[in-house]
Structure formats: structure tokens, C-alpha cells
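In what follows, subunit A forms one complex with subunit B and a second complex with subunit C.
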Partner chain A sequence: MASVRKSGGDNLLVRYIILVSWAMVCLVPILWFLTIGFRPRTEIIVPEPIYWPTWSLDAWRLLVSDWPIALYLRNSILAVAGSVVIDLVLAIPAAFALARYEFKGREDIGFYILSTRMMAPAIVAVPIFFLFKNIGLLDSVWALMLIYAAINLSLVTWIIRSYMLDIPKELEDAARTDGAGDLTILWEIMIPACLPGIITAAVIAAIFAINEFLFTLLIASTSKAYTMSVALANFTGGSDGVIYNAIALVSFIAFAPILILVILIQKHLSRGLTMGAVKG
Partner chain B sequence: MAHSTHTLEKGAAKAAPAAAVYSIRRPRSATAKKMFPYLLVGPAVLYLLAITLYPGLFAMYQSLFVVKFVNWSWAGLGNYTRIIQDREFWAALANTAIIGGLSLSLQTIIAMTVAFYCYRDPFVRGWRIVFLMPMLFMPSAVAFIWKLAFNDGRVISDLLMSVGLVSNNVDWLSSVWLARLTLIVADVWQWTPFLFIIFVGALQGQDEEIEEAARLDGASWGSIFWNISLPMMRPIIVVAVTLRGIDITTMFTNVYIMTQGTPGGATETMSYFIYRQGFRMFNFGYASAASVLMLLITIVIAQTIVKRAFKSGKS
Partner chain C sequence: MASILLKNVVKSFGSFVGVQDMNLDVVDEEFLVLLGPSGCGKTTTMRMIAGLEHPTEGEIRIGDALMNDIDARDRDVAMVFQGYALYPNMSIYENIRFPLRMRQVPKAKHDDLIRRAAEMVELGPFLDRKPGALSGGQRQRAALARAIVRQPQVFLMDEPLSNLDAKLRASMRVQIKHMQRELKVTTVYVTHDQIEAMTLADRIVIMNKGVIQQIGTPDDIYSNPANTFVAGFIGSPPMNLIAGTAQNGTFSSAGIRVPCPANLSGNITLGIRPEDCQIGGDNLQGQVYGVEPTGDITYLTVRTANKNIEIKAGREFRAPIDSAIAVGFDTSRLYFFGEDGYRVGVN
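Showing the complex of A and B:
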């Protein structure tokens, strides 16, 4: 075993050159963007890039004084958390049915749910805009919540279904002979047993919801319903152009919690990202 | 594993007393039993129908009209005959395929190379977190990172000048291929991690004893990868690349923030085309017609490639 580990990649030099180079490609833009957040605006959009800036908290002051950053945060959190709750309430029973019951059309229903993930947001953008306009939900966090839930429902259902398929049937059979009803089995056995899958699904759904851009752009027309993702695109100050230092700060405010969540579910990430198709 | 068995036992133990309550209930009729799974899956399906079928039908209906604000005038198939003669529509379709295809190929190659070199490295856990990071940034923020690096902050030009690759500032939005390149770089940077994390997981999960045996037979690391790992990973690669490929075809945020389709529409993707027709030019009927066409393409792809990918992935 040790010999495999040591000789891996055959040539250690080549291996580390490749790994370190790619690590730099990943990290350098992030670190550089972090310095953008802590420099004055005069040192960002310049003919000659400035690599060693004067440090300043201008962006932070600007964010607090000129932009309702707390409101954007609240909108993001409310819409994202609400959408994840909707997803779990709808997806857990659906996943249970798809994983455990024989019924006519099961395959087709499952594939229909999956296929909604393939639909480009732009395809339904115009009709969804009119739909929310007609029911008076434009520029509202509630509309965003409903949309985010719809975008992630397929993913959440399929991830949870995949984890439910792994639970041994004997467990359920034992409870059934004791007289447990279907819902008891779902609540008392299936949900606790596939909790890691449910958490994974919730985290991935939350990330996609935080990132959502197109629908938010169309639905949130004023800062009343802006989320962080779309608020960023509006950090422009007329003749001053794009306010990059504020954008950088806000993006790191969103990045930090996501990084922590993802590290927590790291082991389940590839299964989650493939909607349960890849186990490992 | 030990942990999950523990939770399982706890679940079973808790179920027992509750079961007593349920057993007094009268047994459900056969129809009720038959309907039960539909009741479970029904709410989710209805929700999705509301957000896909309704808009799909709406788009089909609206695509038959010329819509000017509140005035809808019947156009029959007029929008469709116009659109199939619209060079911008075909350009958007081609751009989506070109930018998406190049970007997806690059991501796949890089992700596989990096995964191959790190999956038995002693620091693999650390590498995984580092290589994952670009994916955890909001896409709109990533678009601004690259907009600043390429255009507004001239950093890339400056770096290329300092190593002598170019002699003066490059205007990235002035040429078709340079503008496309900026979109490809942004997408590759952000989404290579998606494929990497799936590939490295698959390689790590592979049976070490097979590798060990092959090593003892004198096989090189590279030949183990080509002859053993890669064939075993095939279904996983298909699923991962399919999912990524689908997402690439919806590219919008980067176009909106970085290029807005310039120069001359060379970076306009299908999503941006629909957005521009609908929400910039207010040709809602026309945008709907484009949506319907894109939906048809999606359905064909979903029914063929995706269905097959997910079937093979499960086995």
C-alpha cells in the first residue's frame, strides 16, 4: 500500500508542478479579488494595474452608508431558506414514493422530475415574468422563494431518492410487521436513516439558490427584493463605473458561509452534484 | 458506516411504540393503497408542472402573437418564419455550441488531469478543498473578477506584456475569438471544480488492491489509469459531463456582466438572445418563439443523451 502511495504519478516533480500550478490558478484570482475589496476605488480601474495597493476600508464604509446591504442579506437568506424548506417538504414524500413503491408511471414521473433540471431558465423566463406580473408578485422576495424552490426541486428529490434506495428494506419490513403505517415508516425510519442525504440536498439547493441570477434579475426590479447575487450587478455609480471594491466585499460575505457548509458535506458532494447518480 | 447503522437502529427502535397506535386504525382499502404513492409524489409534480408546463404552454401561445406592451396581435406562425431567417438567432445557437463545446472540453481535460495527479497524493484532502473554491463563488462575482482582470483592470494584458507574449494592451472585446476566450476562461475557472470533485471521488473510491496488483506486475501509473481506471469510470464521466454540458448551454450571467454579446453578437448565447429580445427590445412574442425552439432542442437532448446517461450511471 505504502509503495503505491509513494510512487503515485510516477514522477513526483511533474505531479507537484501540475498540482501547484492549478492551485495557483484557483487561488490567485481569489486572493487578488480580496485585495480589491480593501483598496480605494482610485486604485482599481486604472491604465496600469496596481499590484501593491494602499489598504483602505472605503468599500466597507460605502456599503454601509450607500447600499442597504443588510436588506440584501435578509432577502437572500429569507428567499434561500424558504425555498429549501419548500423543497424538502415536497421532495421527501416524492423521493419516498419513487424509492419504495411500485406504481404505474413511476419511471416516467421520476424522469419528468429529473428533466425539469435540464430546462434552461431563459426558456421559461418570459412566461414566468408574466405569471408573477399577473398575480402581483413582481419585485417580491416570496416570488424568488417560489422560483428557487422550483429550480432545485428536481435535484433535491433525486438526491434524497438515491439515499433512500440505499436503506435496507429489512428495516422497513420489521417495522411493518409490527404494524407501522407508511407515514410512520417515512417519518421514523427513512428520514433519520437518510439524514446525510437530506442535508447534502439542502446545502446544494441553498448554494444554487444563492447563486441564481437570471430570474432574480427579472423579478426583482428594485432593491426591495434584490438578493446579493443581483445586487452585485447593480453596484455601479454612474460615471464612476463599476464599484469593484464593494462587489469584492459582498462576494466574500457570501463565500465564507458557503465554504463552511461545503466542507461539512464534502464527502457527499460528488453524489449530490450528480443528483445521486454517482456514489462515492 | 458504523455511524449510519447506529442511526438505523435508533430509527427502528423508535418506530415500535408508534406502530401500536397505527395498528388500531382500520386497514386501508385497496384503492387507497394504490393511490398512496401518487399522493406522495403528487405535490412535487404539480409544483413542477406549474413552473414548467404552464410556462411552456404560455410561451407557445404567446409565440403566435406580436406583443407590443399590452397589445397582442395575432401573427400565426409569423414569429417562427422570421426567426428561422434571423441570422442573430442562428449565431446565438452557434455561439452557445462553440463557447460551450470548447469550455466543456477544456474543463473535462483539466479536471481529469488534476484528479489523476492528486487522488493518491498524501495531501488529497487539502487539494480537494483548494480546487473546489472557485465553484463556491457567486457566478455574478466570478463574472466581475474576470471582467476586471481582462477589461477594466487590464491585469491579464499587463501580465502577458511582462512575460513578452504581447507588446501592448489587448482589447479583449474587440475581436470575436478574444471575447469568446474571456467567457471560456471564466467558465473553465469556475466550473472545472464540478467535474474535478466527481472524478477525484470516483478515483479515490476505486479498489486500491487492483492498483496494487497492477503495480506489482510492473504497470506504470499512467497505464493503470488508461487501462483500468478510465474504463471503470466511464459511466460516471458520462453523467458528470452531461450535467455540466446542460448547464453550459444555459450560460447567461457571464455574458450579461462581461460582454453583453459584443463584439457584434459574437458572444451572444441562446439565453442572452431570449433575454435581449424579451426584456431589452420587448419583443415578447418573438422571445417566446425562441424559447419554444430552445425547449424543443432541450426535450430532444433530454430524451436521448440524458436518459441514457442516467440509466448507465445507476448501474
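Showing the complex of A and C:
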């Protein structure tokens, strides 16, 4: 008995070593990156790495004095959050129809929706520029919101659809015999049962949206509609050269909202909400 | 409360016919069980009554009203599913309340109705829990409470006990039967378990391959099976079916001779229930293949040239394997079936 327990302890130790090593592999670049944001400029470009930084708030001062960081952050958050809301409002009913209704061409329509994701964005960049120019939405956060929503809609629809396919049909049959109509079934049964899937889809869409660069660069011609990702590019050119510590700091600020979001909703990101509904 | 009528109902899925030309009349307040092997069309029949499937042809009536074009939500039937189908995000209280909200039952009445339904299935202390925090038996009782709470015209139960263990199944069976008698609601119950069918039903409908084989009371089905399918499906162990020939008032097969009606001839199947055989006699000669004591009864399997015959012997019966044995049949309880499988030689 004792030997069994001992080997169990060894196992646990090995497990911790593996997990901690993997966590280091994932986290060290991010932490290293963060230290760059708090080093003086010169320390970053020396040929030999300096492991322990000389702490400096140079980059921070540069951001606050010369840079409307609050505006860019606001633009990013507004465009990303708005696009995710639009995606969910459109994708949830679409996913429900694709998962549950039987109609001619259902599979084809489903595939068509997904196929919009397969196109290289550069192909549609120019038409989209003229489209937004004609409707007078250039250089506007609203335009970015629409574009981000359009880019992610197919993916969000597919993720939610595949979750809905996993919800037992019996639940819906039960609701129907209990007297519920389609909208009630969607709102009271399907959405709560798919919540982990919906949240996962929303987080993925938000990550894609906050990193979007090409269309943002096209549409946001002045700093009025700049988001964090495009504003970053400001530090890579011009007479000052590449300002690495500012880039690092801005990247970290852009990354922080998603990190906070993921930590807050972590428990919903895993499945298990349907547990107990139906015997597996 | 209502009767249910199925008239020439057909359900096909593409080229596969799930239910063929079905005629069925469920009397008001009756407990009717649809019994058959999986894929026999019993669940499809029930889903058509619920409105979850639409018949390809034929009429379905509940009470006097034609239901063919009425949506499931407007049929006033309550269904209990094999997998419980409780809404996972709602508490048991909210689960039971759901049909009341959907049917616009006045809010003031909800609490009273919910507590009464929960009381009937002994779920009172668990109303605040989520389905995930209940055991299988409790979940199934919650599903029952959700069905009875609004006093529907018809109960439909689709194998509600098959996910439960044997002991729980037996106690839930009694509970369901008692509840149905108390509420007097017409009930259609689907199962593949003959014990459930025999114990619960006022009448049993035996189905195979989408066709009704026989409709009758449990006693009737047991003592007068219409064909070899019914004879071989009901009873535990089921009736022995022995192929042989009839000539001049005698049925014979390898090792077996019994008298039969004089008008029978040609290929005939003999049916004899395991409890209608006695050790000692001159109807069957064979060897002991297996002896299975179970306490109150001993199951004996006798090998003949063609087939193994099951016999219920007395509790004390023991015999060595491969020993010769002679068996007698109660000749007043013999069944004969023709080549089409249907009963012959009945007066």
C-alpha cells in the first residue's frame, strides 16, 4: 500500500515538473516582453542581452505625453465589443437554424458561410475600401465594428452551431411538448445550454478582432479611428526609428483586456453546463 | 382526459417504412403499452401522437379533434423521455414550472401546483437543486412531475425507466401505475421490456417491423398469442417454438411427439410454455443441457436433435449434464402455428 502511495507521489512530482516547464515556455516570452516595456531604449538594442532590467518609465512617459492612448484603447474596445455583439446577435439564430431546422440546401448554406472565411483578406481589401468610401464610413469606428463582425461571423456561427448539434434533441422535444415555440426554445433552452460554446466563440472573435490590422489600416486613415494594433505601427518608422519599448508596452496594454476577460469567464470556457440534463 | 385514435397511419422515412397502416384506438383513461424490439416503430408511433413527427398518411385524433396539422405545443400532451430531458440550467422547481408558464397558467396557481406534483413523486426537498445534482431516479421523478403538473389530456412515456437500475425500475413501475390510476389520464407507454408491459398495461400493443402483431390485455396476449412473434416475445423464458410436421392428429419433431387437432397437416410449429412442461412423461426425449437453480425455481434446458427446450422445473430439481431425460407436456396448453406464423387449430 505504502509503495503505491509513494509511486503516486512521484507521479505527481513528475506531473508538476512537466506542467511548470510548459507554463514557463508559454509565459517567459510574455514576461520578457513586459520587461522590455519598462527598460530604457538603449538597453534593448545592446548586442548582449541584459537579463535584469534597469527599470525605466521612458516608454510610459512617451505614451502619455505624445500619444492619445486612451482614444486608441477606446476605439479598440468599442470596435471589438460592438463587433462581437453583432456577431452573436446574427450567429446564434443562424446556428440554431443550421443545427436544428431541416431545409433543402442546409449543408450547402452551412458550408458557404464557412467558406467566406477561406478567402484571403487582401482579395476584398480594395472593394471594401470603396464600399465604405461610398457610404461615407471611412475613418470611423463604426466601420471597423462592421468589418470585424463580418470577418468573424462565419467562425462564430460554426462554433455555436457545433455546440448546438451536441445538445440532445430530447431537450427541444420536451420543450415543444411542454408548449414552447421556436423562440422560447432558442432563448430559454438552447442559449443557456450552449453558453460555454457561445462564450468561447465570443472570446475567439474578440481575439481575432483586436489583432486585425489590414482592414483597420485601410479604413482608419487618421488617428481618429486608430485602434491599438494600427497605432502600434506608428512606433516602427519615422525619424525616431523603431521604438521597441513603446511597442512592447502598447502591445501589453492591447493584450490586457483579453487576458482579463479570459480570467473572468474561465469557468465557462470549459464544457459541463449540460451535465445532468440527459443521461449520456 | 381523452381517447386517442390512429386511423390507417403510415410513417415513412424516404424508402424506409417505419410504421405501416396502423389502426389503434386508445380508450379514455386507459394505460396502453406499445411493446416491441428496437426499431419496431413504437417510438415513432408515440412521437406522431405527440406531434414531434408527422404521419405520411392517415389520421391521428385526440378526443374528437383531428391532430394531423396541430403543432406539438398545442396538443396538450405531456411526454416523459428516456433520457429525462430536464432543462440543465433551471432548478427542479423551474423545470416543473416550465409547462405552466408556456401554457399561460395564472401565476398565482404555480407554486401550489408545483408543490403538489413534487409531493406526488416525493421530490419535495429537492426543488431548489439543479438536475445535475440529482441521482438518476430523482431526475426521472422530476421529469414525471413536469409531465403531471399541468394535468394534460394524454401522457406519453418513452421508455422512462430504461436508464434506471433494476431495483429502482421496479419501485418506479409501481409508482407510475399508481399515479396513472389516481390522475386518470390516458397514457401511452413505450417499452421493449415485457415485464414493464405486462405489469403496467391495461392493454398491450405488440409491434414488429412497423406492423401491429397483436392487441390485447396482458392475460390475453400471454394465453392466446396470435403468432410466433408474439409467442416468442412474451414470457420469461419465452414460449418454446418447435418446428415439425402434423399428420393424422399427431405432431412430431426430432424426439417430440404430441397429439394435435386432426385437421392439421404439413409443416407446423408447436408452441409450449416452459411452465407447461413436467419432468417425466412421454412427449419429449432428450439430454440435460443445463440446470440453472435460482432459488424459487430451477430452469432446465433440454437438448433435442433440433433445438434446446426451456423448462421451468421445481425448485429442488437437479440433474447431471448430458443425462437422458423424459418430459411431458400439458397437452391442453399446446399452441400450433401455421407456415405463415399465425395460430392454427384453434376452435
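Going forward, the second predicted complex is superposed on the first by the 210 of 280 C-alpha atoms of A that agree within 3 Å, B and C clash if a C-alpha of one lies under 4 Å from a C-alpha of the other, contacts with A are read in each partner's own complex, and residues count from 1 in each chain.
Here is the rule we use: contacts are C-beta pairs under 8 Å (C-beta built on N, C-alpha and C of every residue); 3 or more make two chains touch, one makes a residue touch a chain.
Only a predicted model underlies this, so the values are computations on that prediction, with no experimental measurement involved.
Undergrad: When the two structures are laid over each other on chain A, which of subunit B and subunit C touches more residues of subunit A?
TA: Counting contacted residues of subunit A, the larger count belongs to B.
Undergrad: Is A:25 touching anything from subunit B or subunit C once the two structures are fitted on A? First, second, both or neither.
TA: In the superposed model, A:25 contacts subunit B only, not subunit C.
Undergrad: Just subunit B (first), just subunit C (second), both, or neither: which does A:173 touch?
TA: A:173 sits against subunit C, while subunit B stays out of touch.
Undergrad: When the two structures are overlaid on chain A, which partner does A:47 contact: first (subunit B), second (subunit C), both, or neither?
TA: The first partner, subunit B, only.
Undergrad: If I apply the document's touch criterion, which positions on subunit A are contacted by subunit B in one structure and by subunit C in the other?
TA: Touching subunit B in the first complex and subunit C in the second, residues 168, 171, 174-175, 178-181, 184, 188-189, 192-193, 195, 273-275, 277-279 of subunit A appear in both lists.
Undergrad: Enumerate the contact residues on subunit C facing subunit A in the complex.
TA: Those residues of subunit C that touch subunit A are 47, 50-52, 71-75, 77-79, 81-89, 98-99, 102-103, 130-134, 136, 139, 146, 156, 163.
Undergrad: Contact residues on subunit B for subunit A in the complex?
TA: Subunit B reaches subunit A through residues 4, 7-8, 10-12, 14-16, 18-20, 22-23, 25, 34, 36-41, 43-45, 47-48, 50-52, 54-56, 58-59, 62, 110, 113-114, 116-118, 120-122, 127-134, 136-141, 144-149, 152-155, 158, 189, 193-194, 197-198, 200-202, 204-205, 208, 211-212, 215, 220-222, 236, 239-240, 243, 246, 249-250, 252-253, 256-257, 270-272, 274-275, 278-279, 284, 287-288, 291, 294-295, 298-299, 301-302, 306-307, 309-310, 313-314.
Undergrad: Provide the residue numbers of subunit A that touch subunit C in the complex, in ascending order.
TA: 168, 170-171, 173-181, 184, 188-189, 192-193, 195, 273-279
Undergrad: Okay, in this complex, where on subunit A does subunit B touch?
TA: 1, 3-5, 7-10, 14-15, 18-19, 22-23, 25-27, 29-30, 32-33, 36, 44-49, 90-91, 93-94, 96-98, 101, 103, 106, 109, 111-131, 146-147, 149-150, 153-154, 157, 167-168, 171, 174-175, 178-182, 184-185, 188-189, 192-193, 195-196, 207, 210-211, 213-214, 217-218, 228-230, 232-233, 241-242, 244, 247-248, 250-251, 254-255, 258-259, 262-263, 266, 269-271, 273-275, 277-280
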